[in-house]
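What follows is one structure encoded as structure tokens, with my remarks underneath.
Think of it as A, B and C in the order they're written, each chain with its own count starting at 1.
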Amino acid sequence: MKLSVFNILFNHEIKILSRNKVLVSLFSLIILILISSLWIGSSMLQKQQETIGKITQTETAMTDSLKTRIKRIEANQMVYPGFIWDDPTFAYNTARNEGPKYAVKKPFALQALNVGQSDVQPFYYKVYINKKQYLTYESEIENSFLQFIGNFDFAFVVIYLFPLLIIVFSYNVLSSEKEQGTWVLLKTSNHSIARMILWRIVIRYILFTVFFWLIVTPFLISQIGGSFLITTNWAWLMAFVSLYFAFWFAISFLVNSFSMSSNVNAMVLIFIWLFTGIIVPNLLQVGLSKTYPIPSRIDMLTEERNAINKYFEKDGQELTKDVFSSPRAMIRQASIVTPEMVYGYGVIVYKSQEIKDAATAVAEGKLYTQIQKQQDAISRFQLLSPALMMQEELSALTGTHWHQFNQFSLDVDKFRKETQQFYYPKMAHENTCRTFSLDDADAIPQFKSKDYRDFSWTNLRQTFFTYLGIIAIVVFAGYRRMLDSTK
Amino acid sequence: MLKAENLTKQFGTHTALDNLNLEIKKGDIYCLLGSNGAGKSTTINIFLGFIPASSGRALIDGNEVTVNNHATRDLVAYIPEVVNLYGTLTGMENLEFFSGLSGYNYSKTELIQFMETAGLQRSAIDKRVSSYSKGMRQKVGIAVALVKKAKALFLDEPTSGLDPHASNEFSQIITHLSEQGVSTLMATHDLLMAKNLGNRIGIMHQGSLKHDLLSQEVSHTDLTRLYIDIVKQNV
Amino acid sequence: MIRLLIEKELKELFRTSKVIWMLGAILSLMFLALYNGYAYYVSHSSLLRESQEVTYKQFISQGDKNPHLGAHFGFYAYKPTADMAMVDNGIEDYTGNSFYLEPHKRGVVKFKEISDATGLRSFGFLNIGYLAQFILPLFIFLITHNIFSKEWENGTIKLLLSSKATTHQIFAGKLFACLLLVLSMIVVIALAFMVLLWKENDQGSFARLLPACGFYILGLTLFSIMITAIGTSVSLLTKSSTLSLILLSGFWLVGVFLLPRLAGEVSKNVYPSITSLEFENKTFDEKQYGVGNEGHKDIRREKLLKETMAKYNVKKIEDLPVYFIPITIEFFEESDGVVMDRAYQAVDENESLQDHFVLASAWLSPFLAFRDFSMRITATDMSTHNDFTRKAENHRRKIGEIVDDFYQKNTVAGNDFWKTVPQFSYQAPGIGWRLGNATHSILILTGWMLFSIGLMVFSSRKMTV
């Protein structure tokens, strides 16, 4: 019995939806937009992969060049024919020139779905011993204006455009019956109107969601290969996107249950969309930046410079004097660069860097703590804005969340320390100055690259079930209201 | 007062009004009968200047009606089948608005008088129109017509859906206006009302006027027979 | 007559509870936006102003050092917060604001604030600019979408048209009623903004800012009028509230979000940017191996030494009356400078091609055109940023010259010397320059203005039963 009602309604819905020219053309348009967003995302991914390929090439070329040059010097009784600042047997020179290695965050395939933070955070660093990457890095050359405008990715289409499409699909599911006058006929049939309307919303939801994934999945496989299908990231991503659609259908059902006119329904739904999708995140931003202000990197810089100035008042002053005024350095005649001068610079750089690193450690810790606090607050307030929740979870699932980039940055920091530990002793080897050998060239530390797709730091399950609960409550409330109003 | 000369209206290939000739004198109440689609409303819409005629002329007090012609619009008032008013405004505010739009600046007491003439209870005047019954809206519609001091009144199925008492009240007001020299053109399905209220009766079919009768000269039974005969044609 | 129509529309609007709710919401958002923009301005401008002082003080009190080493300590040029950033902070947070003035390293602006922001930032930053560009148009559409169609839906149109009022008067009445609502909000914005600006500036700079403020408010007013006219016309054309709501909010969505973003992505494909890896490799090669047949750095250095020795008529480097290292630094500063200038210019030119491409799409979106106009007038745009970069880079080179001149004769520099290096200060150019940059968007907005006038004329002809 129930099944046959379902069948009747199902056929009815398909007829109604497919004969509505506005809906069909709108839907086709959105599908086109969806596909172009997927295409844009995958071409960005490909560009990153190409860049990483080039990085590997560059690195190999650098290492080869370094080794050849050292070999040549060693074969030539340690005589370097060129400029002394380019002589690779000085550890300090190599550390500046061909030594620095790249640290790369391997892009995860699903990144094609969500740009997240990957347009404002670098996915590779060239790691120097004397430059703190967060103070000096140049991220990928990005047009600030385009960054400001924002990205056009799958996440944007799903989070912003699809709710509106769902609204257009369902805002008048009850009110149109009233306005057309078919309401009376439905009322006289022996089925509960509330149940019928609920079924119709459910049918529309199923049609919508199934159709969505039938388009997205094959297209994505054609663009980025099918390996993502077996990741848990993908399963969760599908679950969350479907949940998000369900949320909007449920809200639409609830709004319908108030028996207002189609026009008022549409306005209320648009307002909910605007409020939860744009205004709440903005308000949250105002509040969070007041509660947990993020310090400027300028402060860090100022502290670093203060420490250096302090250092040069005494210890640094003596060290420089020692280095530059020693008879061996012959610096008094600032025309010729001597080996001791190269060495001396190396020592000064190394000493100052230690001072700088110590000075900024506190400020750096504060910066990351504040951002982390904001992040924690965001996950607490996610309930207020489904759009925000989706953005956070989609970023986490596609490996483009701030947390993941921060993790990468911390790993790079560790790697930088490792690199420093490698060079410093060689730079401080006072007796010979020229300590860097062929074996050292092979021993330069390498960064172990990862894709940071792990999302275990976020509590997906809890968010998912909370939202599922909200949806259930919304549907139940809508159903109750509808029962009352259709009596 | 009102004159239609060879009035024709075509919507695409469909002829809604076919060479209509009609003259309504001062103080006449002319009732147009006819089935749905006979051309009654089209005639009224042309006289009101809502739609242009395809050919022929409609004249009000010697002035030719064209779309948005204000010389003729000043002379007419219109009461549709359902008098739609602004629901968020009170009856009084609606009247104030429309009388203002017609270029009159009445005092509050004068406006109340119009409302009372139209038969609206004093207590309802300051309530929002969204709470009004159909009959009450009709009365505000009449008040709007009264306010304009129109010389010609156009009514489109004015009494459909009114209870007998309200309908009777309505007839009295129209008769009263006619005595003051207002010409009325009323489209209706109600044969009895046409016979009782109108002094002239026209029966339309497929865009043309089939009969033009004086109501004293025709009995209710004859009228019914004539009407049915015409409607039966080409059915 | 029109007054009567306006009064009636306003009465209807104010008696609709949804309009009251909307008004309340937008007003509270407005005050929040003002507060947020103001707080942003105050904290940022004081931080940057103070930091500029501090960084220079650190530089001039660094004590005795090798001049070159001291120059490497350098100091920073901070881009001061735009004077109208409390209205619209444009791309300020996306460009960064710190420029390191350090020898032989072409400066780059660093510290994009956006890198230290959470995902919330992608939802926008609520200030008056954001409100005016994103939320106000939607609000106007929500107010106007049924201003005409309700007459058809209520059936009041017949009574209205049979009155003495002409179609033009009816149109004007409705338009002005909506405008009254919209413009009164703009008046509040303008007043509040003026008060804040007056509070934050001394008389001189307040007077200097007035023209820019005037143009901004004028632009905002005209923009809102245009949006209101479009909303009203569409309501009349569709004669259906729901259809006009869908059309208008669709237009808004496409114009505000979809089209700019899509145009941005397309522009990245039409004018692909160089990756920083390629940039680094290319500039390194050009510096090391020379452009054309300049030859390797070592060869050029040898040549320079020979020339210098010939100039001073000596045979050995040790006999030079000046130090040779600063001369090489100065020499390569120049030749490397040419390489870097060219490379950065190529990047800037490519970005400006991308920007133009995106802006051209504003022929389809007045919202985007207004956003561009707003950034230009408030000097939070890319042109102002490039202007700052240019001036900071010039300053950097000036410092380089001063230090190298000193270094040719001295090996130790003290605070007395450091104090001779001038401090950096930047002020964005005035209204003439800003308007010049905004020509394109003003042209587009004029086009849209004409379109909306056309639409009003066209739609008012359709005012029939």
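Rule of thumb we're sticking to: a residue touches a chain if its C-beta (ideal position, glycine included) is under 8 Å from a C-beta of that chain, and two chains touch if they have at least 3 such contacts.
Since we're looking at a predicted model, the values are computed, not measured.
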item	value
Chain whose Cα centroid lies nearest the overall Cα centroid	C
Farthest-lying chain, centroid of Cα atoms versus that of chain C	B
Rounded Å distance between chain A and chain C, as computed from the means of their C-alpha atoms	24
Intercentroid distance (Cα basis), chain C paired with chain B, Å	62
Between chain B and chain A, distance of the C-alpha-averaged centres to the nearest whole Å	69
Interface residues, chain B side, partner chain C - complex	45, 48-51, 67-68, 70, 73-74, 76-78, 80, 82-89, 93, 97-98, 100-103, 141, 144
Residues of chain C touching chain A in the complex	18, 22, 29, 32, 36, 39, 43, 47-48, 51, 54-55, 58, 61-66, 69, 73, 76, 78, 90-91, 94-95, 97-98, 108, 110-126, 130, 134-135, 138, 142, 146, 241-242, 245-246, 249, 253, 257-258, 260-262, 264-265, 267-269, 273-281, 297-298, 301, 317-318, 320, 323-326, 347, 351, 354-355, 358, 381-382, 385, 407, 411
Interfacial residue positions of chain A with respect to chain C in the complex	22, 33, 36, 40, 43, 47, 51, 54-55, 58, 81-83, 86, 116-117, 120-121, 124, 126, 135-136, 138-152, 156, 160-161, 164, 168, 172, 262-264, 266-267, 270-271, 274, 277-279, 281-286, 288, 290, 293-294, 296-299, 301-302, 305-306, 308-309, 312-313, 317, 320, 324, 331-337, 348, 367, 371, 374-375, 378, 387-388, 391-392, 395, 401-402
Chain B contact footprint on chain C (complex, rising order)	1, 4-5, 7-8, 11-12, 15-16, 154-156, 158-167, 464-465
